[in-house]
Amino acid sequence: MQLRTEPFVLNIGPVHPSTHGVFRMRATLDGEVVVDLEPVFGYLHRGIEKLAEERTYGGVIPLTDRLDYVASITNNLAYVLAVEKLAGISVPERAEYIRVITSEMQRIAAHLVSVGSFLNDAGAYFTPFLYMYRERENIVDLFDMLCGQRLLYSYMRIGGVSQDLPDEFLPALRKFIPHMRTRIDEYDWLLKENEILLARAKGVGILPRETAINIGASGPVLRGCGVKWDIRKADPYSVYDRFEFDIPTGIQGDCYDRYRVRVEEMRQSLRIIEQAVEQIPPGEVRSDVPQLVRPPAGEAYAHVEGATGEVGFHVVSDGSIAPYRCHIRAPSLMNLTALKDMIVGWKIQDLILIFGSFAITMGEVDR
Amino acid sequence: MTTALLASEIAKQINESLPGAISEVTDTAIVIKGEFLPDVAAFLKNTAGLDFDYLTTITAVDYYQYFEVVYLFVSMEHNHSLTLKARCSRENPSLPSLVSLWRSADHQEREIYDLMGITFEGHPNMKRIVLWPEFQGHPLRKDYL
Amino acid sequence: MKFERYGIGIAKGMTVTMRNLLRRRITTQYPEQKLTVSRRTRGNELVWNKEKCTGCATCAKTCPQGVIHIVTSVGEENNYNVEVFEVDTGYCISCGLCVEACPYDALFMAYAFELAKYRRSELVLSRDDMLIENKQASAYFRPEVDKDLPEQELLINRKE
Amino acid sequence: MVGPNITVDALRHLAPVAPDWPGNEWWHWLVFTVILIVFILVMVIIFIYLERRIIAWFAARIGPNRTGPFGFFQNIAAALKLLLKEGVNPTNADILIFWLAPIVNFAPVIAVFAVVPFQNGALLADLNVGILFVIAIGSISTIGVFMAGWSSGNKYSMLGAMRMIAAVVSYEIPVVLALAGVVVLAGSLSLNDIVIAQERVPFIVLQPLGFLLLFVGGCAEINRSPFDLMEADSELVAGFHTEYSGIKWAMFFLGEFGEMVVMSTLIATLFLGGWQGPGLPPWLWLLIKIFIVDFIMIWTRATLPRVRIDQLMALAWKFMFPLALVNLIITAIQVLAWPDALPLYVIPINWAITVVLVLLGSKLFKLGWGRVEV
């Protein structure tokens, strides 16, 4: 005998503990199985691209903080690089090193949040999440020392960084590197080989390599599929070509691979910071740039490897003090393109897990 | 280092296989006619030696007289990039969609449609993405106040 | 797919949580215990040095939010008198660009963080609210203030 | 027969041993009912406090520490707050069932304690089918959960309730089989007799596999992490009680932790020797054992991620059910082979069998492929 069943629509979000902000998914379920999914964006749209057209080049920097708010520094850096490229401004050596150090610190901080919330989505009741936040606190402390805020740093400036490192900064950072190393190892003990996590995450939400490239995925999502593509290596900006580091890649592009790639990237970031701290030269941190930058008419695209992927700024100038057009390439938005393909057929619990493994930030998706 | 390919050389190649597609060649970018966009894009994607498999970003710029849509292609295999531009008029803002070639165009074209009001023909789901469906106007246009 | 390694991973994880159970907790019980914040704290208020200010209004021009309202009149010695200087901290995003822009080092961020008010109207600071004589300025972009402020308490320096 | 006599055949005790508590007086029922209700409410409050505090410690936090000494009155404050809150009835709710569900969920939890002994003979009703009573009454809570999920008119609640039914129906079987091993060893269904039978050796030593199965299955039945699929804060946003508020929600909360008290007590009674123990008074021993089990439950909750619903089912049917069956058979054979008393060397044999069975079971255990083609 066949019982009559019918699919039903479940709205996941916009206010839901696991949607990492205000994302909404209209999932059509057949029992526990997701048969259709429609992502709905726009609950956090603030029109940053339009706002940027109304501000001076320097005044856009605080706006870029609010894109991916768990990784403000890399957004700052991408924007600043685009304007520098457009206006032909060079940056002092020391500032370049500071940029590298801060963006790698930021990457660790952002990955800690991603990994923590991924494991939280997997159901490990807040423990890994809070461990990760405890370590992130160290980095946030350092950022606080550096630029006086804990989340929205606005630290980069066109032609350098806002201020030099305080005297206590480098000793504290040197102390932090070995501490973080041991802690990453400890957290690998916590859940890396956990049988339940393996059963939940391995083979779940596979993003095939070709699809990943085709949808324009970037960052850990792309590298989790086994594509060795990292802007820091492929198109080195700042002084990344002076450091030795590896690009960790996954094997088959499942949730577990994305999680592992993030953890390995934290280790590599520590390597970069270690080298940069050794090499950092003394000197100026900001080149002589006028208060109101007037780049010549033209356009420039600059990209950096942010925590979620390739953060790019396409800045068009008409020669005035404000950008004519400032387009933001949001990696999270692009990564979500294949969300439906990856989730359909899995259960609702996998939906949460797969979505969590993207580690999106809604500020960046909706802008 | 991702090398930006010389626009003039690529333009030459495009001209050979698709004569009449190019309307203008600048130092950094190739401007093509809108109706040739899918052909040129397919050419760029499938030609050996170019192999642009990664569509990094799509931007639309409002230049008052016309809209310009900027495509930035990257080839992961050869690590080179190319900027392609297509223009459309303000009266009839529409361009062919590239979703069938690169799915990364999906959300970006929807976003451009939403904020700039350019319709992409052939897009499977041409709806507003960040604004709500009843919204009037397209905010990123320069004449939107 | 199967359960791999017969529960060894689970056992490992249990040891880690147990180790953390015995570890010292880093939580600061806020109203009773307070951490010393960074010297460069960007408090959501501005501190103003009346003597140094020339009334050039660069800060108002730089402010991305446009929250600085400044009205000047021409004084006797061909200088500007600052008649009105108001900051609506309710809209301030604490970016610090005004402080950096000030060509005469007359503007400072505040070294304060307990700035909650009961009404929005109280968030608008008039010029007398911001005088440097009454408020501690932060060392943000003003390294000369550094020595007046206590050293930041870092988590990394705490005992485990 | 070699080796000392380590288990006591419970039948021996049926007639003579004088209970420590006058179980036949008329006031016994009254007094014990009051004691039990107070005991459960106090235990639930202690359990909630411990849960919040210990899980906070595991997660590098401090936990509630403001209200009263060490934050102990936090739960009382929370309970008062819940009592004063408005009870919201959703528009789509089936009001009668919606109101009944918390009661149906909570009442059986108290009823179960009627058969738990705190001392020799110190129990409300020394039923000769004690374990059956526990299982039968304990399962009624599930109906309350399903009533809640169904009547709320909320899809999340419905999903949570469906998962709950599926989990409880599946896990009842390995749990009962694991309990059957104990029953076979003790030779009685009465909890009091089972405790008396553990006079020399608690059954965890004799029945490690049974303990493991009961612990895991118990966690799944009372939806503790890693099997808390019915609540799943990160997925179903509290599952079946999403729509509940105020005192009705508090009833669910009480029921949930009451079930935890029941399960801890059951494990402590059946496997850790109940009130048996040297030195301290018997009821204190029982409490200590309950808290040890509770601590382990909190510890697993703090560490482990959640399993998926099909994995939950697979674990019950493909892993625990065969193991429980084998365990029961082996126990039965042992009891038949040594009908008077088990020799000492049974203990290492049983441990070895456990290790081999668990390894073999894990080796053979395959999860279904997670993706369904649609």
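The chains carry the letters A, B, C and D, assigned in the order they are written, with residues numbered from 1 in each.
Note that in this section a contact is a pair of C-beta atoms (placed from the backbone, for glycine too) under 8 Å apart; a residue touches a chain by one contact, two chains touch by 3 or more.
In this text the structure is predicted, and so the values were computed from the model without any measurement.
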Quiz item: Can you list every chain that touches subunit A and also touches subunit B?
Solution: none
Quiz item: Farthest from subunit D in C-alpha centre terms, which chain would that be?
Solution: B
Quiz item: Count the touching C-beta pairs: is C-D or A-D ahead?
Solution: A-D
Self-check item: Approximate Å spacing (C-alpha centroids) for the pair subunit C, subunit D
Solution: 52
Quiz item: Which integer distance in Å separates the CA centroid of subunit A from that of subunit D?
Solution: 44
Quiz item: subunit A to subunit C: how many Å between their CA centres?
Solution: 25
Quiz item: How many Å are there between the centre of subunit B and the centre of subunit D, using C-alpha atoms for each centre?
Solution: 63
Quiz item: Using the touch rule from the top of the page, what residues of subunit C touch 2 or more other chains?
Solution: 1-3, 6-7, 10, 13, 16-17, 20, 26
Exercise. Scan subunit D for residues touching two or more other chains and write them down.
Key: 58-61, 302-304, 367, 370
Practice problem: Send over the residues of subunit A in touch with two or more other chains. | Solution: 127, 131, 134, 190-191, 194, 196-197, 199, 203
Quiz item: Mind giving me all the chain pairs that touch?
Solution: A-B, A-C, A-D, C-D
Quiz item: Which of the residues in subunit D come into contact with subunit A in the complex?
Solution: 55, 58-61, 155-156, 159, 162-163, 225-226, 228-229, 232-235, 237, 301-311, 367, 370-374
Self-check item: Residue ranges of subunit C in contact with subunit D within the complex
Solution: 1-3, 6-7, 10, 13-14, 16-18, 20-21, 23, 25-27, 29
Quiz item: Can you list the residues on subunit A that touch subunit D in the complex?
Solution: 8, 10, 16-18, 30-33, 35, 119-127, 129-131, 134, 190-191, 194, 196-197, 199-200, 203-204, 344-350, 352
Self-check item: Touching residues (chain side subunit A, partner subunit B) in the complex
Solution: 41-42, 45, 47, 49-50, 211, 213-217, 227, 229, 234-236, 299, 301, 303, 310, 312, 314, 316, 324-325, 327, 329, 333-334, 336-338, 366-367
Practice problem: Quick one: which bits of subunit B touch subunit A in the complex? Just the residue numbers, please. | Solution: 1-2, 53-57, 59-62, 70, 72, 76, 79, 83, 102-104, 106-108, 111, 115, 128-132, 139-140
